[in-house]
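Please go over the structures that come below.
Two complexes are shown next, each including chain A; its partner changes from chain B in the first to chain C in the second.
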Partner chain A sequence: MLSNVKEYFRPKTVEEAFEMMEADREHSIFLSGGTIVALMGSSRIERIIDLKSLRLDSVSIKEDEIVVGATTTVEAFRKDPLMRKEFGDFFYDSFSLVGSWQIRNMATIGGSIAPKLGWSDVSACLLATGAGLMVYGPDGYRRIMLSDYFALPAGEKPLITHIIIKKDGWVSAFEKFSKTTFDIATVNVAISVRPERGRIKAARVVCGSRPQYPMRFETIENALEELEINDVMPSIVRSLVFDNFTGGSNMLASFEYRKHLASVMAQKAAEKIKEMVR
Partner chain B sequence: MLKSNSGESTNVVGKMVKRVDALEKVNGCARFAADIAFDGQIYCALVIAEKPHGILRSIDVSLASKMEGVEAVFTWRDIPGDNQLGEAIKDMPCLVKEGEKIRYWGDVVAVVAARDRISAENAAKSVRLDIEDLEPVLSIEEALEDRIKIHGGSNVKVTKLIRKGDPETVIKNSKEVFEGEFYAHYQEQAYMEPQGITVVPDLDYGYTVYGTMQCPYYVQSAVAHVLGLPMNRIRVIQTETGGAFGGKEDVPSYVASYAAVAAFNLKRPARLIYSREIDIQTTSKRHPIKSFYRVAMDGKKIKAIEVMAYMDMGAYATLTPIVMFRTLVHAAGAYDIENVNVDVYGVYTNKVPPGAFRGFGSPQVLFAVESMIDDIAWKLRIDPMELREENTLRPGSRTSTDHLIVESVGAPETLARVKESSHWKDLVKECIEFNRANEDKKRGAGLSHIFYGVSLGAGGQALDKSGAHVLINRDGSVEVRIGGTEMGQGAKTVIAMMAAEELGQRMERILVHQPDTAFVPDSGPTVASRTTIYSGNAVRRACITLKGKLISVFYDLFNSRPDKVKFCQGEVSDGEGRAISFDRLVDAAYVRNVKLFEAGWYDTPKLSFDMENGLGEAYVTYSYASQVVQVEVDMATGSTKVLKGFTAHDVGKAVNPDGVIGQIQGGFAQGMGYALYEDLKLRNGKIISDNFNTYIIPTIHEVPPELVIDIVEDAFSEGPYGAKGIGEPSLMPVPASVANAVSMAIGKRVRQIPVTPEYVLGLIEKKTD
Partner chain C sequence: MKIDFKVNGRDYSLEVREDMRLLDFLREELKLTGTKEGCGEGECGACTVIIDGKAVNSCLVLVPEIDGREVITVEGLERDGRLHPLQESFIEKGAVQCGFCTPGMLMSAKALLDGNADPSDEEIMEAIEGNLCRCTGYYKIVQAIRDAAGKLRNGKA
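Now for the complex of A and B:
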């Protein structure tokens, strides 16, 4: 519970929202869907800046990119006709595994990325699609890769305004292991490949809830280049993930078990990709 | 009109009715502990030790006392009465003194009182404790070493045993002897509403305690003890209670004591509501139990059983000595065995003190014994169903404590029902065929068969009584007061049904009040699946007396024969055309100055039990259950999904069939949580899975869509309309049936719960069983 909130803001523009944050960063917080803020226990926060008033909740197409407003809910995103048209069942199916229906109707895409949560299924899937972000910071708007956002120093927190996903013909699949239906991922894996004449021309392999935040495994991606997409491919993916997984233990799972799960999830995702490509 | 097995015809009992408390709970009008507020109330927060073991050298409250909003900080010096707490053994300080030991992370050292909750919590964090660290004892094994003594004497504080026949010799001479070692972990009650109490200085120059609880009389006694006041100065009123499952048996006594210290010293209402984290970190759980079994077989007959069980009772005994009695009696299972030795030990550790939880020490050993029976069946190539049918308790059997049971033994019938509903043989065959055809997924069918001693039994006879007060107002409305509490289990509905049944008044004209110690005498705790029998019989007795008076009035009015007068759904008639509404009959009684309030009382006949040898009548009666589940195990991840469940319960009589079904569904889900998901994590004695994002409980999606519930009604002659109890037995077969199903699926014996995916994968990868 935020026990010490004194002010609630509804900024009209992105610039105004960011300035409000900058005015007192220590005591302020952005509110998007509310699922994170509602669970926070802090007496430090005195100011809530509600981003919903910015109406960044549309999905549009610009040339070869899909541009998604950061306050689009997870449920609206997965069901959006444009997303279904351009990405098939990938986001539709993958995000059906995010929390519960109620959570997905509140949680936003931007709000799922911004806190840099290790177990975020949204972040894992977007990383695998090579998504970029439009962010607003002290130097105005700039576009960065999602992976770079995760690498920003802790104090640097630009405001995410849009998520940008290329329509580049890659094929993606996601797998998640959790203990119960609504539980967060013990491990999640998202894989995207660019197929060409029955082979993997390029790949993005993402493991999340390691328990650190999702990251791409370039060694695995490099090893997958030119690999034939056949019945053996999924088991090769599994072995590569098992051999190269990095992560740790926490109360959800030991490192050893997590590594095993990541490899199993990767194999399942690769099986899906194999079926889609064929 | 229904005819119950007990032979009594009923108008309300046994019918589908709406819960009497449903509307207020759905529309938000129900007032729970945190909804109660009083003028001038102060908010309390606890200063806890946050060390597993040590010596409290000093308490510095200087900074906290000066903080804004803080009214006072109270330590043991501010306790006017006795500082020691504990239902069975008073080994727990209310507030730890300087120079004395800290024995677990949640030991309470001080109570901060402030004008608002945040100020209280902030100040609590500012109280400085100087604690000299001592090496903690964090496992049963370490405790048994007795190298570090937590309370001075041995860490093995309490023991109980059964000595029946000569199992040692039988086992020694038997060719077929089986052994097994099992471990059942903690389980958190996970009630929706956390602990919460408000203590209010009242008009009678004493204190009225409002709060979420199961046992108002425990709270009354504890607060009187801590404040050094006679019990007639302490009144306890239960607020609506959002779940308890045993977790609100003794714990509210401690919560109330902390708040009472503040209320006493400030002479103001004092409120203490636990956060979920503090609740999980500091309050009772299901006991972890490690058990060792040896079983001797002669063909299909169990000839002897030996059990050694070690209970981790944490830093303080709390209810362990009472819980242990149930562990003892249930350790050998629902079987007729001639030779039984059981030894149960309770050991101190520097961890949270476990206590009561649905099943009260029995699910842990029932999981073990049912795993043992299953293991034996598969090893001897006997159908597990057949092995249980061969050995189950039946009328004329003797339990492990040598209790001859002659009536209401529905055990063979529950087995027969699940055998039929699950198509047991076909289900096993289906699993085997599935497993032949699949490598990635394996299926298993698991069976369990349990019994449950209803009420407190020989271990708690002094508490096995209940009172009731029934008042008929002039308008015909009825007020019922009982000492048993409603905590979501449906007690109010069952009591209203019984009052409606006996008085012939319509249910909607009957109000069952929140329990209040000022109106009903000590009725024992609301535990042990006893409310239907005890409070029910007390209400029934009061109502029968009142009805007799109303019959006299009817006779006075119509000159009808008393034996012809019938009461039904608000109408009274004699079957010969003379009739009057219940309300008008009551009015006529008032005109005649008839006393229309009565007290009812019920206690059970004394049980004959030899505590030294653990032999005799352990409980007044027993409920029985049999259960089959089918699971599917993902061989790559070790995760388990329950596909189907079939469960049969002998409840004596389903007074409220809807309520019984609800209890069984809830118990099944909670049992699944215990079996598969709920994995309490500790780090150096501190519970770190302290909310529901880390302590995972099942959701509706985990409960199998096919859960077939069969109710067996083998009437208990002492029970109202033949009823026994269902609250706890609903959970008890689940851990064993799930574990047995997983064992069949993977071909390796599950020996611990929860059966987490990581544990199952470890078993799958093991070379041998």
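Now for the complex of A and C:
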């Protein structure tokens, strides 16, 4: 539990929030949904900067992109009519596996990405949809790919203000393995494909909880190009993931167990995609 | 720091600790001990309260977060000494054994019924997915929530 908090800020603008953090990064923390902050056992944190006051909690459409405010809750996001219209059941079903109803009512999309948690189902799904981020840092606003955000140096911590998802007609599926319903993923897999005349024209294959942060596997994606979407396709996806999976071991699972699970989850996700495309 | 908020229909304007959990604040400062602490980490749902219409785990909320917002706890369910239909149905259907999970179950169920007057069993089960019960099992709890929904729809509240 936090025990040494002396100041609680409610910034009105993104710029103000970032300046507050920069003023004393060592002793400060951003609070978005609060599910991580409230559980922190730290006497180091003296300043909490509550981002909910920024009111970045809407989902809107801008030309061919969906723009999601970073403090939109996971539950509001998955049930948003715009998200359901543009992405069908993908986010609705996938994010139903994120914690409980109560947790999803609190946890935010931005707050699920920012700590670069290895097991984040939110990050895995967004990576598979090719999502981008609008972030604010020392040089102002800039747009980066979510995959690039994960690769930022440890000291570079811009504030995520929006998540941007293209409406590009890709078909996506997600599978997760966890030991109990609310447990974090032992492994999660998200796959998106762009189908064209019964074949995979392009693919994004993401494995998370490796246990490192979710990442795309370009070797697998390249191998899937032009593959026919038929009954054999899911087992090919499974073999490719098994042969190319990279990750490690931790208390949840060994590398070998993860690799096996990832390949099984990938096959299940590919089965879903096959059914959706047909 | 000073915050303004509403709990169970009553307005408060109080000095609070910046790092105190809402769960502790409700129990220790407002003496509303109906809200229980089970796991203390958002897993069991015993501490569920409703904030601005949403069911949340009060063990994961810091008190300053309720500034300007409305909180409902299990004590806010009864009106003028009369139990809420959910509470009545939990008793009538035998949905309570040790009772420790019951306040959280009731609050998740209320949040559901406030937004969905006629939920399916699947929707009921999703609403209480974050509330663990180790003795009653869930069958009678789902029955009780379905029964209460019927009472509310028929104006028996």
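Everything that follows uses one rule, which is that the second predicted complex is superposed on the first by the 278 of 278 C-alpha atoms of A that agree within 3 Å, B and C clash if a C-alpha of one lies under 4 Å from a C-alpha of the other, contacts with A are read in each partner's own complex, and residues count from 1 in each chain.
By our rule, contacts are C-beta pairs under 8 Å (C-beta built on N, C-alpha and C of every residue); 3 or more make two chains touch, one makes a residue touch a chain.
All values derive from a computational prediction rather than experimental measurement.
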Greater residue coverage of chain A in the superposed arrangement, chain B or chain C: C
Contacts of A:219 with chain B and chain C, given as first, second, both or neither: neither
Partner chain(s) touched by A:249 [first = chain B, second = chain C, both, neither]: neither
Chain B versus chain C as contact partner of A:60, first or second or both or neither: neither
Touched partner set for A:52, first chain B, second chain C, both or neither: second
Touched partner set for A:13, first chain B, second chain C, both or neither: neither
First, second, both or neither for A:181, with chain B first and chain C second: both
First (chain B), second (chain C), both or neither touched by A:3: both
First, second, both or neither for A:230, with chain B first and chain C second: neither
Intersection of the chain A residues that touch chain B with those that touch chain C: 3-4, 181-182
Residue ranges of chain A touching chain B (in the complex, touch as defined): 3-4, 43, 177, 179-184, 251-254, 257, 260-261, 264
Touching residues (chain side chain C, partner chain A) in the complex: 1, 17-19, 21, 41-43, 45, 48, 54-57, 59-62, 64-65, 67, 108, 126-127, 129-131
Partner chain A, residues of chain B touching it in the complex: 117-118, 122, 636-637, 639, 677, 681, 688-689, 693-694, 696-699, 701-702, 756-758, 761
Contact footprint of chain C on chain A as seen in their complex: 1-8, 10, 31, 34-35, 37-39, 48, 50, 52, 75, 96, 99-103, 105-106, 181-182
